[in-house]
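Notes follow once the structure below has been shown.
Chains: A, B, C and D, in written order; residue numbering restarts at 1 for each.
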Amino acid sequence: MTSTSRPQELHSGRFWREVLAEAVATLIFTGVVLGASAAPGPLVPALAGGLAAGTLSCALGAPQANPALTLALLCTHKLGALRGAAVLLAQCAGAVLAATAARLVSAAGTAGQALCWEIFATFQLALTTFASTNHESVPTGLALGCAIIAGALTGPFSGGSMNPARSLGPAIVTGIWDNHWVYWVGPVLGAVLAGLCYEFIFGPGASREKLCA
Amino acid sequence: MTSTSRPQELHSGRFWREVLAEAVATLIFTGVVLGASAAPGPLVPALAGGLAAGTLSCALGAPQANPALTLALLCTHKLGALRGAAVLLAQCAGAVLAATAARLVSAAGTAGQALCWEIFATFQLALTTFASTNHESVPTGLALGCAIIAGALTGPFSGGSMNPARSLGPAIVTGIWDNHWVYWVGPVLGAVLAGLCYEFIFGPGASREKLCA
Amino acid sequence: MTSTSRPQELHSGRFWREVLAEAVATLIFTGVVLGASAAPGPLVPALAGGLAAGTLSCALGAPQANPALTLALLCTHKLGALRGAAVLLAQCAGAVLAATAARLVSAAGTAGQALCWEIFATFQLALTTFASTNHESVPTGLALGCAIIAGALTGPFSGGSMNPARSLGPAIVTGIWDNHWVYWVGPVLGAVLAGLCYEFIFGPGASREKLCA
Amino acid sequence: MTSTSRPQELHSGRFWREVLAEAVATLIFTGVVLGASAAPGPLVPALAGGLAAGTLSCALGAPQANPALTLALLCTHKLGALRGAAVLLAQCAGAVLAATAARLVSAAGTAGQALCWEIFATFQLALTTFASTNHESVPTGLALGCAIIAGALTGPFSGGSMNPARSLGPAIVTGIWDNHWVYWVGPVLGAVLAGLCYEFIFGPGASREKLCA
């Protein structure tokens, strides 16, 4: 974080990647909180939102994902005006996108709704997985665990599975195969999307490529 | 922590900053526990208090925020008498201030009450954020997540939002704008206040300045 | 993780140990989620699954335990085709085994059911304990704590005890000794099994032996 | 941990300190689980027990506090027979002591019961605090937070306060002073006891003294 903010920043790949990370982080945070708010009481959305924000902070290079924090960094001259304005717009856009998508999805049928939430929950889990590929330490395991808890609390019906094998086992044993494809297509789509995002946009290799280009 | 306690300590900026940190930490801890006690059962206040205390310990340089711990450190000669007495007074003052504020706020209207709790919850979140600006490691992400969970469990009605974007998204989609200003003014005031506190009082730069002065 | 996948991999002890780790990790994850799903609400299975996955990631060398993540790693060329296929099969086999065992166990009597869940819960706890024997740092303590929470939430009746002493104390005081042998035989069997698995298959010493052979 | 076990171990201060740590850790773990079992559902005792075990592992040098784990270490020759037997006896003694104390306390009046649980909850919190005095890192803060959550979930009526200031604030504001002395005497006794235990038995300085003697 630098306190300078010059127009030439706009030509930097790193600048736009940080702005995009803010939009994606706010989108995921808002989506997780909205998805978890179907449960009664304050505990489930609080846990889901906090754990998602904590792991996103690891996966996406510590975005603020919060206009209040961004404005406080602006006030204390830790963030330039141009970057601050771009970040604020990105955060609001991410949150509005998440709320719009959640509203649209709630009008879909049960299978469509489950599919969308599976894609979303697995996307945030896989982003954390890709970001932690190079570390095998204990905190990484805890970060993955947090992402799984956050994803499993998301979704208005029964929480995210995010794992085709976990759905396959009970399906074989009980013989109940209704909408089973959802738990393969959703998680795989979400994870592949997250892998591509990380490789081409947020990962360290991607950043070096873009900085050289 | 030193076992000596001499009158000249009273002229040290570091001494008073530590005493102030104890008052602020006890104020936040007591406020979070009181705010979370509206939920039924012991789980929500226990989680909120523990997570707030854990993150405050990172943000404010490991205050005890607890007269029992301070007295135990005094008994084992890990803390001088003068410093111990100042710390004990600061802790009691912080807790009384928190309880008084919580009582006064509960007499305000719904919007005023929500505004005050948003300021408070975002203050503790932003303090953690500023303290962890220089680290981008996994534990920092977990500390931020803990501060968000603690804040989201605080407040007697629906928990803290602490995030204007998270409130903006659903407001645009649902068209419900009642008291929406609260979720901008509260978090921004709380975060800016925390930023100023950290920069001028608790941050490492601030400490060096004060030690030199 | 390498992007090459050659037939001679099939002769490597390390290859098969990784495939086995995927099967065991998916078996444990699926078993914990199924065992915790008896509780009402989404919170208990989400916490149990996430905490188990987080600690397994430390104990077994960061397996994916999830076909969606494995397919995403395949798509981004982080995993070879041969290894990816073996891992996918292992994950599905582990999950089907866990679901079958859970179904079979639910037909046993109360004591048999408790015995099986005690073996299972203590197995995953002891695997984490053995993997963390060489570290005495704070994150290790948290990993152990997570494994205990995950195990204690598992099992359809009253959660896992995983600890004969914890069951002995109340039995002596209350004089209720019904099925007390379950809480000695189950945890001891599970822990010894985990110890042997770790020493001969997953531990660093075991890997060196197998690589040399 | 060594695989040898010779009679001369019995003259080593380190040997007996490890055995005592096993007894104390099993006592605290069993006490926390029993104290938290008054809450409905499996979540509260699981969280309290796991978090207490995780932080005890940091504070007391990674005791097993579990006969099943000790027997598994014996079977894999990671622990000698003499040490293993002493540790097993210590664990059972600790658990029986905890269960007996919990039974005796439940016969006391409300104030006496609250006093005993406050002493116990603050003892385990203060032990963690003393053990982490030398570290100011993020994991330490999380360990303290875990100890506070575990303690706050303990005790059959309203959870542990463990903090006189937190009880003083509401008492001044509401004017309700019934049994207020309990929340000063209990936590202070528990914390001082923990401080003395740590300084004279479990701390690194204490260990050096005993090894030299």
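Here is the rule we go by: a contact is a pair of C-beta atoms (placed from the backbone, for glycine too) under 8 Å apart; a residue touches a chain by one contact, two chains touch by 3 or more.
Predicted model, so just to flag it, every value in this text is computed and none were measured.
Identification of common neighbours of chain A and chain D yields B, C.
Ranked by how far their CA centres sit from the centre of chain C, the chains are topped by B. To fit its Cα atoms onto chain B, chain A must turn through 90 degrees, a value rounded to the nearest 5. Although chain B and chain D carry the same sequence, what matters here is overlap: shared residue numbers make up under half of all numbers found at their interface.
Between chain C and chain D, the centres computed from C-alpha atoms are 27 Å apart.
Shown for chain A are the residues in touch with two or more other chains, namely 43, 47, 137, 139-140, 142-143, 146.
Listed by chain label, the pairs that touch are A-B, A-C, B-D, C-D. Those residues of chain B lying in contact with chain D across their complex are 1, 26, 29-30, 33-34, 41-43, 45-47, 49-58, 61-62, 64-69, 71-73, 75-76, 78, 91-92, 94-100, 102-103, 132, 135, 137, 139-140, 142-143, 146.
Only residues 39, 43-44, 47, 122, 125-126, 129-130, 133, 136-150, 152-153, 158-159, 162-166, 168-170, 172-174, 184, 187-188, 190-192, 194-196, 199 of chain A touch chain C when the two sit together in their complex.
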